[in-house]
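Take a look at the structure set out below.
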Amino acid sequence: MSDTFVQIASSLVSLARGLHTRGWLLGTSGNLSAVVDREPLRLAITPSGADKGELTAAQILLIDEDCISINEPAVKLNNDVPGKPSDESPLHVTVVKARGAGAVIHTHSVWATILSDVHALEGGVAIEGYEMLKGLHGVSTHQHREWIPIIDNSQDMPALANTLNEVLAQYPDAHACLLRCHGLYTWGRDLQEAKRHVEILEFLLEAVGRRT
Amino acid sequence: MSDTFVQIASSLVSLARGLHTRGWLLGTSGNLSAVVDREPLRLAITPSGADKGELTAAQILLIDEDCISINEPAVKLNNDVPGKPSDESPLHVTVVKARGAGAVIHTHSVWATILSDVHALEGGVAIEGYEMLKGLHGVSTHQHREWIPIIDNSQDMPALANTLNEVLAQYPDAHACLLRCHGLYTWGRDLQEAKRHVEILEFLLEAVGRRT
Amino acid sequence: MSDTFVQIASSLVSLARGLHTRGWLLGTSGNLSAVVDREPLRLAITPSGADKGELTAAQILLIDEDCISINEPAVKLNNDVPGKPSDESPLHVTVVKARGAGAVIHTHSVWATILSDVHALEGGVAIEGYEMLKGLHGVSTHQHREWIPIIDNSQDMPALANTLNEVLAQYPDAHACLLRCHGLYTWGRDLQEAKRHVEILEFLLEAVGRRT
Amino acid sequence: MSDTFVQIASSLVSLARGLHTRGWLLGTSGNLSAVVDREPLRLAITPSGADKGELTAAQILLIDEDCISINEPAVKLNNDVPGKPSDESPLHVTVVKARGAGAVIHTHSVWATILSDVHALEGGVAIEGYEMLKGLHGVSTHQHREWIPIIDNSQDMPALANTLNEVLAQYPDAHACLLRCHGLYTWGRDLQEAKRHVEILEFLLEAVGRRT
């Protein structure tokens, strides 16, 4: 494994544990990834079914653009079953390709879950006028209107990845996407920016949710 | 004491402290258990009246299927009274036998407490359509409908254990049970799965509670 | 200083820091005390104006029944002003004498503050039917009805202590008292029991508050 | 760098991390400053765009009254871009001059954000009757009425600083100011007092917000 991968794996773990403490990755929900190489694509990603509060760097997997695992993680998850990449890996690859993102974070918070359902028929949640929006990449004023599109949830991952791809093309300025009754996808040029976007969007969804 | 018991006791303590931090085991409420042996049944369980934020492995008790303490814990609780198994031990044994569970966790969260009363007349809480449900053992789609039965609370533990046994038989697919104005019982094949179920169900109850 | 005082001071600090983390002692609000000796009365108590998240054992004061400081704490608070006992010391002494308590804890939580005002005209908050009530000393069933009397707030401490004394006599079974728009007073035979009562009552007030 | 600056930088970091944990400085929002020298004015301030949960003392900047950076911080933020003072530095300097404050803290909490919008047309939020108010400098009774003026948000920092200056003159007794849909500014004679004011005001805004 390259030094870069080891370093990224360690950052993913530290971030995942912090987000688990905040209650945004409970019950093995959610997943995080970061680009290790672009050509060919190599993505470090959290394994399927891992407790994010107990995650270790040795559990982080390296996948290619077809979501095939390249490395074999040194430490196994429970029951000695070898770790497999998150089922939602195709969504991560989709975001990385569509947005040129360097990192993708998918959280399951209570407020994101509620709002993704309450606003489903409108097709998205509009957030406007908050200073906190300025922390999103490329936004320079609180007068910005952020539209977070909502996609219907599905267990057909290739179909879901396809829908996500279309939505990302339809809303080229969107910094995030909600899956209905499921959670938030956001991303950034690197893991630090993706983390910033998670904190900003979860904050804003809580503010919007408490006012509804 | 066997190595297994020592290891399980340590895991119970670590888990109990984490759940106490989240506010789900305040005021010595709640209890946790894990199977050490099946034949004859040996269950490691938290003692009655322990502060879960200060719990130590030496306080964990080993009981048989009649809830009689096998070991004598090395460290005593306050006032040097020898620790006795949780009063709700019969409920733990009931779940272990009825479900073949390897671990049982009983939490007292604010949202579980509220919903167990608000939905008491309906006999349970239905949770449907959330991706988070997929983390429950054997559930493969968010379209799953989880029915969490609600049992009237009682201080007659044998009677309560009996009612719980009947409810578990009546709802063979249920992953949990609520005691009215009291809290949540859930379980898993091992402690890791039981922890996952607690996090998932407490998350979902909060989401449902905030929308009501 | 006696070994007992040093040990109690250390326990008060550890407990105060934990309650500050939960948000129940923000902004130097609240105070804690524990009996060191009964005859004559010696009470270890947190100093006035201390940040409970930064409290150290050297800041804990020892007072007599007239709230006069016996020891001089080794470490000074900000600006090298010698620490003085909490302004609310007379309320602590009142509880210790009226109830024979070994420890008194006064917290300022958001829910206690809100309910102490919402229910002020009724003179108290009734909490009934919750299993969590069983953790209060001497309560053996969830069918217990706990009446938490509410006292009008005042800056006249001797008068407030007098009113508290009357209310404690009027409700000999009460485990706590609310000061209107101010916070919760509870107590126990020792610090461990007082901590248990705080966690139970803050939990119940949150549950009641969220249902209102 | 003087010993004083090093000490103040370390205190700013410790405080910023704690407030980030509480969710009041998410997504690189908010900023903190403390006076190092009065004549000429030297202010230690957090850099623009820093993750407050990962802040280090080496990132803290020293600015003059024109918000020009005096030192060059030893450690760079992401991408090796040299740290620059917070864009809102003029607001900090304004508060320091208008109030003679020794420290200024600007937080972004969910409740402050909501209330700053809900009460915008009234021009401020009135908080009255809470014991917690007594923790504000110079307030000796809960009967105090605190008026927190609300200023419209703007990206024109000199204009915003000017408006803030006028509002501070108009309300000489105010301990804080809200920027609409943005967050809270408060201050104190030193960092300890500013921290106390943050905790008190965030507590009170949450209490007021939950009752609305």
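Per-chain residue numbering starts at 1, and chain names A, B, C and D are given in the order in which the chains are listed.
Methods note: contacts are C-beta pairs under 8 Å (C-beta built on N, C-alpha and C of every residue); 3 or more make two chains touch, one makes a residue touch a chain.
These numbers were taken from a predicted model, which means no experiment stands behind them.
Trainee: Which angle of rotation, from 0 to 180°, maps the CA atoms of subunit A onto the equivalent atoms of subunit B, to the nearest 5?
Mentor: 90
Trainee: Subunit A-subunit D contact: same residues or different, taking over half shared as same?
Mentor: Result for this pair: different.
Trainee: Taking each chain's centre as the mean of its CA atoms, how far is subunit C from subunit D in angstrom?
Mentor: Chain centres of subunit C and subunit D, defined by C-alpha means, are spaced 31 Å apart.
Trainee: Using Cα averages as centroids, what's the distance between subunit A and subunit C in whole Å?
Mentor: 44
Trainee: Indicate the residues of subunit C shared as contacts by at least two other chains.
Mentor: If we look for residues of subunit C contacting two or more partner chains, we find none.
Trainee: Could you list, by residue number, the parts of subunit D that touch subunit A in their complex?
Mentor: 23, 26-29, 51, 53, 78, 108, 110, 113-114, 117-118, 153, 155, 179, 181-183, 209
Trainee: Mind listing the subunit D positions that touch subunit C in their complex?
Mentor: On the subunit D side, the touching residues are 18, 22, 129-132, 135, 140-142, 190, 192, 195-197, 199-200, 202-203, 206-207, 210-211.
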